[in-house]
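Here the chain labels run A, B, C, D and E in written order, and each chain numbers its own residues starting at 1.
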């Protein structure tokens, strides 16, 4: 994947998040790193920065001193604890006496799990440093936040993204037209990883990349299913809307919260009265909460679809 | 005689096994191949619902052909070592006295991941090297755990015998026991058995043993096994009962697992509740019920389950006018079917997600959302890029096919 | 223990579950028993029936031919593959060549353990017969169901329970008042064993058994008092409802979550529109959950009553 | 510890729970004791009664015939079983042929553990009698309840507690002011042990014990201050009410949930229409839950004060 | 860490909490220490005082006689018990016959664990003294409270904090501008440890420390920017207010809950009618809870801004 091919290897190669990179460089110089929280929107270089930091600290064989865990892949804090224990038990050889542990999507951990994590962090603080990666630092519990140096990653400026894409396109011999470039940047939404993925997908058609190609491949990759499901429900066909939902959950393997997020963005684009948008947004908020509390994602989401059916009916009645 | 009738009237030869003529034919053909050397598929996987005569057929076959039947089932340990000990040698040679050997792995659904670690893999190994015929029996052969195993087996399905066949069998038993049975009584038993011959015989014994006469009245009271009529009745009472307590009592008195009951209600609601406003209200109740299911699980406090039941029954009942568009039959929860059908696919998706995650430093969930959709487009557009990426991610053939939409 | 003292010893002594008893008697007559599932709610005589059957089959020394495995015994897959198999394998001496194995709460066995059971049942069927006792037969796997004759035990008619309790009370010289008897039956909830236990506990105070004594010894509030409190709140008298609540908590020594359970049971008996009953259950459920989460009991229970007051107001408005 | 120092040694010294004490004395006289359940709120003399009973039964060396176990303390029922086995195996020497085993917090045992306990009780019934101590008898399973004589302990009358505290204070030379005494009794909440503990803690400061000292040592606000804050808000002075709140939070170092608890108690003493009490209590319930979930204390409590302001306004308007 | 570097070593070096320090000095003089509870907000010198006490008592090698445990850290009370057992078994050599055990975050222990701790304290009272450190003494169970001398630590006066920070800055050669100093103190919120940490983090950027730097390193918005956003909204310019919000969220990468907290503090400084402050504070409370539950930050905060717009309009109308 081009996202990986063009991922910076060392802090010196990172051109964005300047201030953050400078602070990280000072850690490398001091051969010492505190526990860190890297927070910010997706595709702004959080994981990259963590990997670069490790690279610069330990040199080329850095993987030996590094462990990556993804909180949403691991089931339960026990796995995390055990893994960390094994990993952190042995000291790092070399002039840096600790290892680095990257915990991605840390904001997906329950607060109980985070409490346990905090204890683990403390226990192994001499032999391991943690870098927690999160979209919202607000979901990290206070005791962990106060033990970590905070780093806030921000959206990359559009010119940077544009330069990056142009560079990759040239390097890969992609014929990239101006309107194609614009479309890629727009659809990327400030997320560099997504933007590069779109470029690569568009390039894979073998045709010169213009806006039309870009929209077409993104359209294929983002099946209109969610929108279609919503419209089916608005038209009053609950059973088919439910079938579509089931397909998204089971066939595409999407998480309930991801589907809900997509529904949320689509609502604003729907052609329904403003009043109903507001109502539906409220119900989405409630559903969001229930997905966390409930046990069956499909039931929670189809209850939302039933609300769409109701809305559709009232709209047709001129409500 | 103290023998249960299922044993007493157990078929001695294959021809006595009722129904399933095609399957029996297939088994015989396969076993005959062995006399001409090792056939292409060294194992037979017989599958079908409980009580249709799968094990009995194999035992009768061994008896018919004077083969030594060596069998292992769920009441035995079946770890890799146990399988090795049991089948390792015997799958290679015949018996001392020249009798042919037939190896039976029965009830392979019962091989568990924890207590029988490595068991399935070892069975596959044994099959691949087998020099004697091996038969496997399962209820559900499409369980993803058997996907590798299946490739090395010839599949034979045992179907439920017809009601007429079962009645015939029951009549025969009655006459041998000296019982004068009304045909209607036997019909009830056969109907209730739903193709499960064993349970039909059990029922017959429970009802008729020690009598010389079996009437329709004698059978009417017998407890039902967990069958559809029960749940239909409960559903009807929940959806259409006049009072909340009626709906609630339907669930409490029913012999139905609440989780399954929720699935039934959820499946059937849109076919009965047609008014959009009421539909939304009823679905809201199910969502609320589910919240309490989640809370009970999370807190391990099962007293919260009472709200789960309340909302799925009384809550549903109170939320609509009970004016149905007419007579609508109840449907089996299709979510359950879709889930089990798509299980393999979902596991594949997750495995792909994990492999992508390892390379791209993201979680499997994120990969499913952010990378796989693009990958699918690339795989369909560009064979060259496809090969490169497949190699780089370490995807196997099935995964590539899956992503290319060829499967 | 009166439950033991007054437990029928033989099938002839059993007065309930008539049809089942008749079938069991015919097994005794034939000296043959199939594998059985006894399913039904607690306290409806399932275990008693199994023991009586054994007694009638083997005579007074029946314990030798019998094995009982209770829920509190370990019954994992390993026990089934070892202990059960060993027991089932050896022959009984006497004119009945098989033993009886009673598996209590069989529906709580893991499905792995149940899988391991199915062949044992069949292979050793000459030497052992199984009686599986369960609340829900639906949780017994189908292959086992298919091997067993199902017997469904139903709640005893209230008159039977009443007669039984009156008989025991008389026999034991207990002064049992009518309201005490009613309370005992209500609390027993159709479970005979439980009902007798409550009688014995209430009797042990040495005082004549009236409703007050009964509720007090089992640590429950008199449902009348609970209902009164609810109605007071629904009628808008918040302060008095709260006083009643405090009284219940102190007088009966109840825990907040227990009183909540009783409030829950009373809802369906209230004389308010059905739709509102469900709403009130929602309020109760939320409060119950909050208490479980560790919320302040007094605060949450007052808030519950406050919500009742508001609900009452809306009901009167015809909402 | 003063709670120990001033604990009655024999039943004759016990002045409360008269009816219970009389029943226990009759056991002593008969040299026989059934299994018992002592149920009731904390600090009402349950353990004391059990110890006094043992003392009166066996005389001064009673400890040899007595064993105290804490059910929730010892890891699981196995410990109970083993300990009981060893303890109960040998007969008591003397004219009382059984030993006494006190099981504290018996209602905290899981119902499985209680089932096992039941069997243990049965097995050793000749050589040991159990006294189960519980806050809520409703959480003891019926089979145990029906084997035990039930005793219900109730809160001590306030005058008794007051006398007791005054007696101890005098005996220990504590200067106890009237408002201090009131505060101690109020905070003790009818729990004598707790009340004595508060007295001892307050006394340990070495200063004369007034209300301020008492509230400060237990980490609570003076109710006067809380009421003042509430009235300030009701009078419409939001800014000053909030300043008072911050003072309580920061100066006294109180937890938000504790202040909330105190606000809750004060609401009922406020002179505002009942309709508003209902509303405010509902909001307090919501606030309590939000704080428990980890909301920002200051934000949530100021929002609550804002409601008070609003209430005050409407009340002045005649609402 | 500067917090360690500048931590007082002996009681004489402690300049705050005068009364407490004096009481502790008297313990040193008497060579005897009771069990203590040090309660108070974070960063007010509780741990420092405990360490200084030990230092003054045992002299430079004091670590041998001292053990620090974090109550919420160690898994359960068993660890505490075992550790204490080992540690307390041997007597201290020298003229002080006991060791000191500091138990941090004691108020985070469950009450069961505290009960067990109480027993441990009793058992080893001759060879060990416990100093329990807690934020809220009200969460320590009474039986422990009554065994301990209570000490209440209060927030340090702002001038003390200011002096301390200036001293450290000078010592470390940090260029600290006046607005930077103010920002540091404001953000520290009276917690000295936190305040020093902020100084060190801000200094690590290598630039002169002004307000901008300070807010940026702790991930907070400059209050100026927040106020501007609020006023823009009050002036009726929703679109621009929302743009400013997006800027804060996306460009500066701030967490929604942090922005909300800042809005909350700023509301009280706004020049709008009190009535409106009250309304807005209520909505902030609701928003806070929703954010905590994981709602979409931008959506929730723009809804809040919409309320500001409404407020502004009514104010201009003379509302």
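The working rule: contacts are C-beta pairs under 8 Å (C-beta built on N, C-alpha and C of every residue); 3 or more make two chains touch, one makes a residue touch a chain.
Model, not experiment: these values are computed from the prediction.
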Centroid-based (C-alpha) most distant chain relative to subunit D: B
Repeat of the C-D interface, chosen from A-E or D-E (over half of contact pairs identical by residue number): D-E
Centre-of-Cα separation between subunit E and subunit B, whole angstrom: 58
Separation of subunit A from subunit B, taking each centre as the mean of its C-alpha atoms, in whole Å: 39
Cα-centroid distance, subunit D relative to subunit E, in whole angstrom: 31
Inter-chain centre distance, subunit C versus subunit E - centres from mean C-alpha coordinates, in Å: 52
Subunit B residues counted as touching two or more neighbouring chains: 295
Interface residues, subunit A side, partner subunit E - complex: 19, 22-23, 26, 39-41, 115, 119, 122-123, 136-139, 146, 149-150, 152-155, 190, 264, 281, 285, 288-289, 292
Residues of subunit E touching subunit A in the complex: 70, 72-73, 75, 194, 201, 204-206, 216-219, 250-258, 290-291, 293-297, 299
Touching residues on subunit D, where the partner in the complex is subunit C: 34, 39-41, 112, 115-116, 135-140, 142-143, 145-150, 152, 154-155, 257, 260-261, 264, 268, 274, 277-279, 281-282, 284-286, 288-289, 292-293
Residues of subunit C touching subunit D in the complex: 1-3, 72, 194, 196-198, 200-201, 204-205, 216-220, 238-239, 242, 250, 253-255, 258, 290, 293-296, 298-300, 302-307, 309-310
Subunit B residues touching subunit A - in the complex, by the definition given at the top: 262, 266, 270-271, 276-277, 279-280, 282-284, 286-287, 290-291, 293-295, 297-298, 335, 338-339, 342, 345-346, 349-350, 353-354, 357, 359-366, 368-371, 373-374, 376-378, 381-382, 385, 389, 392
